[in-house]
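Structures given as structure tokens follow.
There are two complexes below, and they share chain A, which is joined by chain B in the first and by chain C in the second.
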Partner chain A sequence: MSLDSLQAPPSWGHKTTCLAILLLAAVASWFWLELSLTDVVPSRGGWLVARDFLSRALSPAWKSEAHYIPPGTPSLPWIALGAAAQTLLFAAAAMGLAIPLGGLLGFLASSAWWSDEMIGRRNKTARRFRQFLCPIIWTFARVQIALLRSIHEILWAILFLAALGLSPMAAVLAIALPFSGVLAKIYSELIDEAPRAQAHALRSAGASTPQIYLFGLVTPALPDMIAYTFYRFECAVRSSAVLGFFGFPTLGLYIRQSSASLNHGETWTYLYVLIATILLLEIWSGSVRRRLLS
Partner chain B sequence: MHALSSLNLAIDTGEAVAFVGPSGSGKTTALKLITGSVRPSRGQVLLYSQDLSSHSPGELRRLRSRIGFIHQELCLLPHLRVWQNILVGRLGRHSLPASIRNMIRPPRKILEEIHHILSRVGIGEKIFQRTHHLSGGQQQRVAIARALFQKPRILLADEPVASVDPARAQNTVELLTQISREQGLTLCMSLHNLDLARNFFQRLIGLRMGRIVFDQPASTIERSQWENLYQLNSPQRPPDVP
Partner chain C sequence: MIPHKESFEYLHTHRPRSRFLQISLTLALLGPAISWWIGNFSWSDLTHQRRIDNLRRFLDNIRPHPLRHQDWDWSIAWKWVLDFLTEPGLNATLSTLAISILAISFAALWGTILALPAAKTLTRASPFLPAGGSEGRWRHGAWNGLYLLTRFSLALLRSVPEYILAFLLLAMIGPGAWPAILALAIHNTGILGRLGAETIENLPPEPMASLRALGARRSTIITSAILPPALSRLILYFSVRWETCVREATVLGMLGITSLGFWISEARAHGQYDRLLLLVSLGSLLVLLGDLVSALVRSRMRQDLR
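Then we have the complex of A and B:
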């Protein structure tokens, strides 16, 4: 067969068109928003504030810079460490809720679980279940995941602050709900993308459908699922710190207060503690991920 | 388009049979018919005189739990330890809670049994290693051990030596035929290597484009039959036609 008789794919295909549209949209949005690179240059007042703030980067405070310190107040490093611990506690509590909820929704939203090869079409009940109930459950789970994911944790926080007040539960729910949606989406995709060969092998060895799902699909996807969960825990720590700006006792609260009082040395202390917390978490979760994925 | 047509054959209990033929001839489908993973569009598959299509899903599971299947791609769970991969072979005989319990904390008796089988295939010392740390040949032995742990009555092997060197291929086929002979298992293996098929199997079934080309003792197969099976006039020659 000569080369001329073979049909070459078009040089400008569907993917190239999509890429071109995305690029055009990006350029158009710059024009629409009237963005200019000169906007990144601060005003004179802005320069002064930035200079004051940045000048303390290398000399963070070790003592409180407030004018009045009530007696019995712990030293600044202890306050910063306590705030870091609170930040971690909020993140851990939120993940404790997000993981089971995400796991359940991910399981329901996974197409692999509802496929013919898992449920089978051997008997009438299985056929009816496959035809009518499965699409309803699957769609319900997908809609739930989309709803949870589409609202940012800050918006959830505003909602729960109005409903529950400044209670720890409001912060935990604000992080847990969107995170459960994200986890569910990734879990379901990882399970769906797991190679099916092991599942087929288990079926031919007489395993039941739940066993095939658990050992043939979830188990191969588990290292990636755990690695991703660790990554989300890091994100939860960052979100927990940010929620401090709403008044929850995490690092964000102390950063906001010191920043508002122009105690830039203190602000840097809290920022460094936040960075150190994230770095330590990154090192720990990175080593766990490497062990799982190697 | 059918993977197999006019397939009519009987395999006795304890017999060792090799399916040979070019790629796409229907060897794997023939093996899958035996487990009921593939259902025939017409005709019957009788296992121990019972029609597979008449079995309920539960009965089919019980039946499959006694059929050891060694897959070409091995189908192991790479992140699990060797003993856990072996244990997977017996899922069909345990409930879900029991299988989870065994996977986390296996009884000593089960571990001893697994160790015994692994020692039989020559990798007893690897029992606690992670499977993806083993070499390809060792992983293949794990797959064999998993099938044997099922205490099968029938052992099916789909191209078990497709991607191994000739020496290891011979060892593997020898091991499988020896174990099935010792334990009185029915062995069905699909093979590309005609030398191995002739040396280790009494009965060979040649498949081409889903049809049986020959079904006779290995010693009586003539060169012209091999040539016909692989259509040696075509550009795709098998590497080791005797």
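Then we have the complex of A and C:
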């Protein structure tokens, strides 16, 4: 070993460039938005709101703070838990659509299923199919994924609300579409990056193409795929809570309403229920992931 | 007969199994089914007459405004798009971009700083070395307390969704770009702090241990043996989170902050679905552009990590 290779300095090039560009962009953004530090400091009215709101942080409401409570209304903790349940329902229903759709698109967008390396050339038509049709299908799937993913779920919700009116299906579809795009992207990457040894072994043993794909390519990637799906469910719950701001009966709706009527104690109750739901889910999905990937 | 160690029977009966995973996966499979069953969701709702009327109105309305009562003409449509871009379109897009860049800069700074006390290997009485007998119990307790406190605060920071944070901040700070920047920065600090802590914990410990054995202080170890090797991965995470920042920044404007979202909610309130669609496509273009930049940065960082 020569001394030069021992003394090779660590490469700083790309990293410093990236950080320098970020810094420059941040300075440019600061001037573009005409920001000033004095604007972060709340105005007098802002201080009052902040004080009223923050002072209730440690004393969330246990009873409804509304002036008029219609008879037969359940108590506040029940409303909050019901809203949390609705939040989970919307998220789960959306994932129920996003997983199959993401799986299908992910399958079409993974390059492994039609690469020559993977699949034996059995006859002429099959080869033609792979040569001409597969790249088209693959490109189509990729474009589809990019389009689904690039529109935020709230924007999908607004489009669906405009097109359909306030229907629970608008929220479910709004979460399901972008999430299926993200799932498809990650699924296809995981399948493409999974170790190929099993697939090669199956191929040389004479397995059919679907067998190679299912047992040689998908199975090795499956733990990662499931782990990522659990993480996405966490994200879906967050999105479903936020979609409440647009009128769906999830936690966001209650946070907006109680905040608008300045019932800060109630707002904190709903916020704590939301935080608890998300933290519990994070712990659950975190331990699932750890066990799956160990 | 006891099956042979490499037989299929043996491998099948001795495969790793976890009751927790079995229950979790069953729940994950049943959850969506149950929610469709007890929830208020149905496809037939979409074919309801009222929905179809609504959809027809929407489809009429997404036709560009100047073309609504005449045949399609590309030159008029193009002029409409250009007018729109010069008036609010381009400005709003750039503001959205600026908000996301500032947010990720703050989050990167604070996330990296908070990642240090949140790394278990660093935040203990005797980092990187087997515990000596000289440290008192209260010192162990104090370091452990700092670690737990940081981890918990990071979890709190990231548990409130950006949109709700921005909504709450808006009431306090008032309109402007700050509520959006702060909301994105706070949420992403929580995420980047945790990812950074995990990166530090997964670094090979030998360089740190040998520096420590030579008597180096924590600050020396951080600047010379932790940040340089961790930086590639940290930048990789910054770029991943920046992607989501761009996505979220388009939407946060709906709360009255001067990004794309502001004009989206304006168009929505006035029922100008042609403008709405154009703004959504503009946001989608920006997100795709962000994805491209971030993919470029990531491929560079992956080269460094190899």
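Rule of thumb we're sticking to: the second predicted complex is superposed on the first by the 257 of 294 C-alpha atoms of A that agree within 3 Å, B and C clash if a C-alpha of one lies under 4 Å from a C-alpha of the other, contacts with A are read in each partner's own complex, and residues count from 1 in each chain.
As a working rule, a residue touches a chain if its C-beta (ideal position, glycine included) is under 8 Å from a C-beta of that chain, and two chains touch if they have at least 3 such contacts.
A quick note: this is a predicted structure, and the numbers were derived from the prediction, not measured.
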| item | value |
| --- | --- |
| Combined model on chain A: chain C and chain B, fit or clash | clash |
| First, second, both or neither for A:Ala197, with chain B first and chain C second | first |
| Partner chain in contact with A:Leu214 - chain B first, chain C second, else both or neither | first |
| Which superposed partner A:Leu166 touches (first chain B, second chain C, both, neither) | neither |
| Chain B versus chain C as contact partner of A:Leu155, first or second or both or neither | second |
| Which of chain B and chain C A:Gly206 touches, first, second, both or neither | first |
| Chain B versus chain C as contact partner of A:Leu292, first or second or both or neither | both |
| Chain C versus chain B, contacts on chain A by residue | C |
| Contacts of A:Leu222 with chain B and chain C, given as first, second, both or neither | first |
| Chain B versus chain C as contact partner of A:Leu279, first or second or both or neither | second |
| Against chain C, colliding segment of chain B, chosen among 24-32, 114-122, 204-212 or 222-230 | 114-122 |
| Footprint overlap on chain A, comparing chain B with chain C | 292 |
| List of chain A residues in touch with chain B within their complex | 120, 122-123, 197-198, 200-208, 210-211, 214-215, 219-220, 222-223, 292 |
| Chain C residues touching chain A - in the complex, by the definition given at the top | 18, 20-21, 24-25, 28, 31-36, 38-43, 45-46, 50-51, 54-55, 58-59, 94-95, 97-99, 101-102, 104-105, 108, 155-156, 159-161, 163-164, 167-168, 171-174, 176-178, 181-182, 228-229, 231-232, 235, 238-239, 247-248, 250-251, 254, 264, 268, 273, 276-277, 280, 283-285, 287-288, 291, 297, 300-301, 303-304 |
| Residues of chain B defined as touching chain A within the complex | 32, 35, 37, 56-57, 60-69, 71, 73, 75-80, 88-89, 91-93, 96, 99-100, 103, 146, 150 |
| Chain C-facing residues of chain A, complex | 10-11, 14-15, 18-19, 22-23, 25-26, 28-30, 32-33, 35, 39-40, 42-43, 45-47, 49-50, 53, 88-90, 92-93, 95-96, 99, 146-147, 149-152, 154-155, 158-159, 162-165, 167-169, 172, 226, 229-230, 233, 238-239, 241-242, 245, 252, 255-256, 259, 271, 274-275, 278-279, 282, 284, 287-288, 291-292 |
